[in-house]
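Note that chain A is present in both complexes that follow, paired respectively with chain B and with chain C.
Right after this comes the complex of A and B.
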């Protein structure tokens, strides 16, 4: 009889070993820069290593447990039809659609007609070849692949994703809906990437929805970079609903120029372990930034929202609201940081986190931080955790509502603080219905 | 910002430490360095029983293992050079160590020091009715009102005396709230603690006076390692004050104190601190490094522990007075004002660990930063899974006086029970121009306006201090703000 002893590897080693093997499939672009960049990112990845349990930014999220699973690194390309995508459409939404399957852009499943002249919505790999100048100017300029291990890993391995470009002074009237689907029989590790470039004075509304057709174990390490040009206006709505087997680390980097507006809503409805790392850098005067989030946790779901608003320049405004409802054995984490650099006078920043716990075993860890180096500022934050207000419940019960009805009504009202801010009506209505159905 | 306001704030930031002077009392000092021999030397000096020495040695070995692993707490928002623990002398006692029965016997130079600090012993004894257990460097040199307290069965003495005369009490409780394994500086303190205060309030006794201890660091290059243990038996009450100022120094002085409080069923302990140690010069050289572990446990139902602090001194402050709310219906409170200027750095806050049912905690923290200082609030509110109906309210406000300082808030909220209600709020702002304008309109000078506004900002906390302390605290804050103007 033969006994095999497997050497216990660090999860990092698998990626380091796979780098050369997958080099041909990776996002290489035309110029030598991409290849050098990928190699540099890999070096940073090797140096940084995956976060240890003690790492402050991962204090409440044991990511190592998820990474230990032997996921396949190469993604299959299933042949899907438009009908397969139909269940994930947003009813009544008139939008241009970009479809991604297992992180790969699928032009055949997308409907991108009728976009204004000059607007580009295409796969990232395609864009690297077709728009090299634009691509080089923005790709990996905002994402911190030198300091963040998951961003370094994505930069070294990403193959495709989505590229959205809106030229100067162009208003995209219809929203752009990026629909991402997971469809795989093997346990997969995916590393898609999204690059959004909105030039001076342009306006766009982006909807990103993520779903899974299969219940296979997956780990998505996604990176999003958003460039908001001077006086540009960007709305981004993200819906995370990939089912109980999908883990993800979604890192988002937004860079804002003068007089710009950026609002993002991150709605997390399902997932195994979901970590959203969001870094916003309003790097010029008079920027306005909104971060909104809502998470519903049930089962053993773990949702971690980690945000940073780095106020680098004076006269900016930021407002952050993250709300959560946790049931069963779900765990929620919120770590928000407002950073005001020494010269960023007249900054006005607000941050709020509210969570409702519905069960004995649900957990919430909140860490709202302020780090302030300028004196003429107005910064505040608030965090509350508790159960539903007993008096409000009582009032509704006296009006004849059952316990369940009263609870759902209050929870829906709680969630609507975030949902009602969504300026695309069909999406708002869709989310409202979805949340009502999904309330624990 | 108008130029006079800027000038004033500049003056505040530039003002030198007012209480910098050195008393020359001959001291008996251990040579620099730390080894098992040092521990044995300290223990022998203090005529300690064998178990105490053993405990110190265990703590020392643990500390050494931490040192080898370089397990210093580095997570705080503080920057300071590595501390050379072998370059510190770990024991220093004033040479005249007999116990005085009256003040006349006390070294007149020592009395002079206290009167220059504005805390004459005689006056306090007569006017305030305060029993003062004066700790000068490391050995208790004067204890008053002891006889009166003895009548009630209250024990209030130096730690060394307690080890000798009440060994059972000390042995039972030492390290029960802050074990020597708790953290790096608690381990160091447990190994080398020189002296401190011990306080025992028997069942059902309400201590009739505020117990207070003044700490002074007075020997160049000597670490101060105080250890305080307060035990409040069922249904008792005590209010304990601790306050300090220290002479000017060129060399960094390390201070690593440990305070343990045990409040049994229905007991209440109120612990107030004014900390005004030497903060260093304009460049931040020479100030005190203050690494303190303070923790209380509400061991029984309906117990209450309240921490109030005014922190204005030290180059580095690392201090998180905490409460473990173990008994049902127990209450924890933390009220703090931290003022930093020059190059001072403070990372201070609290931990409220809710374990029992219906436990409540309140945290009110006010941070004021000026000059090039950094002032951080760091706090943890933890609701255990059995802490049904726990309630916490936290409020952390920061005020910035000038554009070169920093104010930070790092709260941690860990909630594992759905019936808990936890609220946290924080704000950061500067002195409002409209407020200053309003005051000036009423004929109040800009400087007075700022004092008024800052005092108002802290009022909520200062009123929590016992009366004798509140007066001193307000004076201290005014002087800190006045800078060279006053």
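Right after this comes the complex of A and C.
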């Protein structure tokens, strides 16, 4: 028998080696707590390691293949002008804009005038220095950097991203548009972070759109934390459209206090591999949570939505709807976990996943997981995967529509209930057009 | 306008149409009656181009063109319309969007410019009135939550919007009360013209009091076994189909 003593380099090793180099110029205001937090996160990262193929949460998503690529861990910031960002604007949308390029906040490309008093929208690095107390009260309090490897990695390496703070009882009328752009000549690994803190009784609508100006291979390991204070109201719309060479793991952690409302819509239009891990913790009574998603897959695209709604307290409501359209050899994964803990009586939790497959080779893996430990609850889930209804197709064609027209009409109708819930009219209209154009 | 010669069709392994012959001239109304399962809807479906049916023999000529060579949407654009026995619900597809695309597809094929938004709304309003459909329906999804009667009236409404040359109505009268039946029949009668032909499939003579046919055919077991004037419908309603079958069997034997 022969044994190999040669050390095979694992992707983890590159990050571990890079840590010492990068830790020095991490977040501003890098106080002792932040230093310690980073080191702790790195330790967890080293211990957890990237998921093996047999890991249950990664069963259908071969992330190892993407991680093996020798990405650069940093790149010079490109000099962009406002004109460069113009193609990614949402027509007719009156919004405050925060621009991020390669995960870095770009004040010169942002337009943040006219926000209500006390509202902060700025780079995360800036915020760590300028609002240390607020920052430390929330940063890494909701994200599971001890147990989830990508979150641990991001926490160890966070340099910048976006910070949004809405003080108590403040209503932000205009939506805030966080526009993220990838622009690099290198194959790049990025780790942006978004921290959203919405205090008691405040209200805000956030639009997050992600695009790329590059065709190089990128891997974005992003983490978002959202704190929704008592009786606060938050809408988050995410548009993922980074092109065919972009891999991403986007982990989101939302924490809700009593009587609060949180609705998120995650629209995935392109990407090489997209993994969205979304964790919602309504941790007080009378919370309302909506999770919506729509994904369009073509080519060899892989879209994986993992969601967890963890009902810990009574009288909460959650409603989840994820819809997908998959063509060619695209694959989709939906894993929706709902926990109803023993205290969470009178929980109403609904979940639905529907996917249309447009080709023989397209695949969908759907797995709803309900774990209910309270007895007085209403919960339901459903997952359906199928083809376009042949009878409906025939009906439309007997009215003169071509095969292509009929298909588009039915697919748009299929996507309708996700799109129609987008409460920002110009964004809804924009998505309507975009989806129609981009239907597989 | 329409010439069906010895048409045979099957679904899965079952032969359903076993040699149908039928000639329809412009301006005529032909009624097709026959027992359940005799192949009436199959005939309508084959004419409209439903893919599940396999045509195993015969020919269909429409306006000098080989109808069986055309895709279902080409047939529609050429002026063939099928009012479905069971209209399909299309959740998420609004009536106005649906009809706008349909009308403009047909107009484009005829070399006409697409209708402007204003013209289209005007047309919708005018045609909806024809079958007493509430104009607010334009915002609703096609057939979703429509009552049985509304679905049937919606078929006639679509026919009026598309102005076909050959309209095939598959049991558009079934399940309608007398008021709704009159509305549907009025709608059809207003569309009768020397250039337009109708193939009206029904189980009930009652409809033919309102839409008076030129010829009544009896389809039994995949064949037209008898044709006659509108009195034939009365006789069928009184005596049922057995006598026609017996007569047909006797003729085959002889």
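The definition used in the following text is that the second predicted complex is superposed on the first by the 431 of 440 C-alpha atoms of A that agree within 3 Å, B and C clash if a C-alpha of one lies under 4 Å from a C-alpha of the other, contacts with A are read in each partner's own complex, and residues count from 1 in each chain.
Everything below uses one rule, namely that contacts are C-beta pairs under 8 Å (C-beta built on N, C-alpha and C of every residue); 3 or more make two chains touch, one makes a residue touch a chain.
Since we're looking at a predicted model, the values are computed, not measured.
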Combined model on chain A where chain B meets chain C, clash or fit: fit
First (chain B), second (chain C), both or neither touched by A:413: second
After the two structures are overlaid on chain A, angle v-u-w for chain B, chain A, chain C in degrees (C-alpha centres, nearest 10): 70
Touched partner set for A:391, first chain B, second chain C, both or neither: second
Contacts of A:399 with chain B and chain C, given as first, second, both or neither: second
First, second, both or neither for A:49, with chain B first and chain C second: neither
Dominant toucher of chain A (residue count), chain B or chain C: B
Distance of closest approach, chain C and chain B, by C-alpha atoms in Å: 13
Doubly contacted residues of chain A, that is, touched by chain B and again by chain C: none
Residue numbers on chain A that touch chain B, as the complex places them: 56, 60, 342, 345, 355, 357-387
Sites on chain A touched by chain C in the complex: 389, 391-392, 394-403, 405-406, 409-410, 412-417
Residues of chain C that touch chain A when the two form their complex: 48-51, 71-73, 75-77, 81-82, 84, 87-88, 90-93, 97-98, 101-102, 105-106, 109, 141, 158, 162
Chain B - residues contacting chain A, complex: 1, 75, 77, 385, 398, 400-430
